[in-house]
Amino acid sequence: MEETKRKKVLVIGVIGADVHAVGNKILYHAFTEAGFEVVNLGVMVSQEEYIAAAIESNADAIVISSLYGQGELDCRGMREKCDEAGLKGIPLLVGGNIVIGKQSFEDVEKRFKAMGFDRVFPPGTPPETTIEALHELLDGKE
Amino acid sequence: MEETKRKKVLVIGVIGADVHAVGNKILYHAFTEAGFEVVNLGVMVSQEEYIAAAIESNADAIVISSLYGQGELDCRGMREKCDEAGLKGIPLLVGGNIVIGKQSFEDVEKRFKAMGFDRVFPPGTPPETTIEALHELLDGKE
Amino acid sequence: MDIQNKRIPDEEFARLRQEVLAQWPTGKDVDLQEAVDYHKSMPEERIFSKKLVAAKAAHKTLVQPRAGVPVIEEHIKLMQYLEKEGEADLLPTTIDSYTRQNRYEEAENGINESLRLDRAMLNGFPAVNHGVAGCRRVIESVHTPVQVRHGTPDARLLTEITYAGGFTSYEGGGISYNLPYCKNIPMERTIRDWQYVDRLTGLYEEMGVSINREPYGPLTGTLVPPCISHSAAIIEALLAAEQGVKNITVGYGQCGNLVQDIAAIRVLEELTDEYLAKYGYNDVVVTTVLHQWMGGFPADEAKAFGVISSGSLIAALSGATKVIVKSPHEAVGIPTMEANAQGLRCTKQVVNMMADQTFNDVRLAQEMEIIRQETHCIVDKCFELGNGDIAIGVCRGVEAGALDVPFAPCRANAGLMLPCRDNEGAVRILNTGNLPFTQDLKDFHAAKINERAQFEHRAASFQMVIDDVYAIGKGRLVGRPRY
Amino acid sequence: MDIQNKRIPDEEFARLRQEVLAQWPTGKDVDLQEAVDYHKSMPEERIFSKKLVAAKAAHKTLVQPRAGVPVIEEHIKLMQYLEKEGEADLLPTTIDSYTRQNRYEEAENGINESLRLDRAMLNGFPAVNHGVAGCRRVIESVHTPVQVRHGTPDARLLTEITYAGGFTSYEGGGISYNLPYCKNIPMERTIRDWQYVDRLTGLYEEMGVSINREPYGPLTGTLVPPCISHSAAIIEALLAAEQGVKNITVGYGQCGNLVQDIAAIRVLEELTDEYLAKYGYNDVVVTTVLHQWMGGFPADEAKAFGVISSGSLIAALSGATKVIVKSPHEAVGIPTMEANAQGLRCTKQVVNMMADQTFNDVRLAQEMEIIRQETHCIVDKCFELGNGDIAIGVCRGVEAGALDVPFAPCRANAGLMLPCRDNEGAVRILNTGNLPFTQDLKDFHAAKINERAQFEHRAASFQMVIDDVYAIGKGRLVGRPRY
């Protein structure tokens, strides 16, 4: 039964001028193993590229990684661009080391939620937690 | 001229049930090198022993070490006992790791000054600083 | 693109130079002769190459942090703090990631946002935007040599501005700042652009100013076997020497196994000297740098200090000329200046406690010989692929996977080789891909990994690699099952 | 006083026991059979000897802090914190210094003052005052074995109470808790009193409860050459074995030179086994403990982490069964529980990163042989001085300076021997005093120190010793002139 259902589609990638590739390669592996269909855009992905890929693949969620610290600048306006492109309400997840330096994660989460992200994750979040969160977000929906 | 003057006499030792001997041996060496006459009582010295030695040697100052943390209990009443024994006003110096744990040194100094110590020193005070302080305290006096 | 390992002709360089300096308004403030005069007027305490040469002679290991913030005043405060409270022997200025991708407009925005929000919004110091005068303010604020550290595929303008700005050392190279640091840039392009950087360095050298150049050793910082980073470092040293560079520091990122790491640093210096001599560059001074563990760190600060110490030990015992230091904040974010200074002081303690000791393991000679053979295989293959021209050869070598960097984001990289640890934690090669290894070397790696697989009662696979990627962050060296 | 190395006869022991238990009111709560039943009812996770034996078999290095505060509730909080946040494999209960000198009235005052002022006024846990029930509250609050750590010349009552209180390991011995820990007590007295402790341990053993005993390795913690602490440890092991102790951990305090330290731990285990076998104790399990640097620490916490890491490395590479951990607060005062846990986690990281590695220096065999020969000289001399009885022999040996501890405060110690570091930082002997060394050994030490003296262009003297005492606190291993 489960087997025959359409796999959920994720668009993943590392945003901005960020080249941290290791986590991205491992997430691709882990998501695929966990039964998702994954469109991996790799590193240095622009907002436009995520959106184009999400439209093309009819994605269920966009999973944004940012490691290098400039994520806060890179992520601004992403939700608005999704809305404009007709991806209203598409789940946006962000994780990695998404701001500069050791900051209170509560503040950081607030800031990114205000920017329209549905889920915001602190540094070092393991793939299992990420996958759990995706199931929570997506499993009810069809 | 200097040479012929009577050497200043110091009574030194480690107070209470404290057996930290290394600093004591080095202080003995350093004070002697610096031209003091030193009566070294070693470790585990009671208040009474300091006082008896100071009287006997006609000491110019008592230098108390406490390393093991229980110095605060061990030092209580020392000034009063000196007064009673006729050592009114004898300079009392204390140094080492004189309280339990990492405490604000300002507080510690205040507490020990209130107990009648003339000079109170933080952990790791080098012999040079100690000798300087002794000169400051004793050089004017005759 | 047409490249070769030949000194860029003066004319061509002059033409390129005009283009480069026009890339951003601050370029116009660069005046080579004035810059050279400025360098010559600097006190010796600020000259990187001199401090390195002295340290090498004295068998001393110098200590250097990474650090950079967007606003000049804050950056000066940071440098002064690391010099004073961190006891840094050498200082860095780490460049932000927009500048690294030549996105100066975005960098400008980052500076403005940092000022507006009163917190850093860039991950480094945007030196191009700050220009020559801004750089000089930094240099003049300290009594320690300062190096530009970045990760910039096309670093030509950055080099012009920072050299004119008084920096006396410069990290990077056409391989090491391509494969780990970009996505779509062909090798020919970065080799070419770095020939420009090296030629500019050569020009300064010819005008009497010796600027230190440092190929970036650790590459992706993640399970990079010594032979890979050594090959990259040696080839970049050769390319630099051809353009007239005379003071080179080759680097290596700690892998975690003591014997392998110490062997690696020793072989790195030896082979760099050997290849430079072999190809006729006889007046280059080679020093070495050990980078403390460059992969995923434990989030806990006390544990991070343990990792930092282990790298410090290796730096000292291997006799590296300097060590690049991590901070206890590594897993979380760019360190505060306090955390950065803590990493430095911890390192200093260990380096100094080990300064008088030597490491003389019975396995050292064998490990050195393995790294020597592997590196020879790769570098010589690149020469062969370039018909004797290493600039051409390295591009072909990367394309062919003869020089293959694990976990590299760049399309130019073959990505066929798969590393993992052996049973003592040395980084070995699970799948040699197209590495031009002899059968003996392949057998050696297979045997080493097989030993571990048997010990762990599992077959060697990508899961083992993943376990190894996480291992140090989780408090181990070898990613054993069920940790 | 009349002593010999013979199991205390049951009758005599019973008589002594009555006296001992009457020394302080809490003594009356001790009931041997009830205590044995209590031990037998404890879950295995709380049994020290079992955890050590398992670690030894698995070649694992366990991690243990020092810790103790005066008030029971606070002490329980501390233990639970170190177990959970410190990831401690083994727990301690460090006893305060009044209890160590049997000053139970002052300890009582210290407890009351601690309660009144709401801060610790004692440097440890006054277990005698807290009594059997108090101890059991501590033991039952954690899932980890707990050891009594102290420095008590006459520890008989403390042993009775803590054993009945459920502690499963006990540190100390008649040499190691005399010479560094008191001023006026004759060796005969402490040897005698520790025979009591060992006999009590033997009684538990005979009743089916194996309590681990640990001679205190580091002595004064200050430039103690391996042969000195090894001799003390071996002799204490022999004395303990005679009284029926079956599970012994011999210890050594890190000196700072990698080769010497690793050689020391390896020889320590080997020689203890050898002597136990030689004198007919064939069923004693011997494990080892490495104490992280026991001398003066740097005040800076980041630097302290460096020192802590260096000891962790040695523990792992030497294969010590456990490592006793320092904290970043070491130079300043008794650590907060947070700082203590930091020291533990830092240690854990390094120990685990080194767990799969081995150390195989070419000089290891020679260094081991030196320590072996030196220790044989001392221990055998003590046997000789006692006409074959080591209890008598060690007293005479200490008196004669055949076993001589540097910087010891006790009058019983000869204090003729003077240690200092050689040019690589190994602790050597500048003045052998009355150590019963062969001429070869004396020459070896002289040559090693001479090498350093020449390097430093100064004669070896007490100033060199002083420089070495301060060196690690000032960030170096060898106290070079002008640091």
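For clarity, chains are labelled A, B, C and D in written order, and residue numbers in each chain start from 1.
Please note the rule applied: a residue touches a chain if its C-beta (ideal position, glycine included) is under 8 Å from a C-beta of that chain, and two chains touch if they have at least 3 such contacts.
Quick caveat: nothing in here was measured; it's all calculated off a predicted structure.
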{"item": "Set of chains adjacent to chain A and to chain B", "value": "none"}
{"item": "Approximate Å spacing (C-alpha centroids) for the pair chain C, chain D", "value": "45"}
{"item": "Chain centre separation (chain A, chain C; CA means) in Å", "value": "30"}
{"item": "Geometric centre distance via CA averages, chain C-chain B, whole Å", "value": "54"}
{"item": "Chain-level touch network, classified as line, ring, star, complete or other", "value": "line"}
{"item": "Chains grouped in pairs wherever the two touch, ordered by label", "value": "A-C, B-D, C-D"}
{"item": "Chain C-touching residues of chain D, taken from the complex the two chains share", "value": "256-259, 298, 300-310, 312-313, 341-350, 352-363, 423-425, 472, 475-478"}
{"item": "Chain B-facing residues of chain D, complex", "value": "96-98, 100-101, 103, 106, 109-110, 113, 119-123, 151, 180-183, 220, 222, 295-296, 299, 329, 331-336, 339, 407-409, 462, 466, 469, 473"}
{"item": "Touching residues on chain A, where the partner in the complex is chain C", "value": "16-22, 24-26, 29, 42-44, 68-70, 72-73, 97, 99-103, 123-124"}
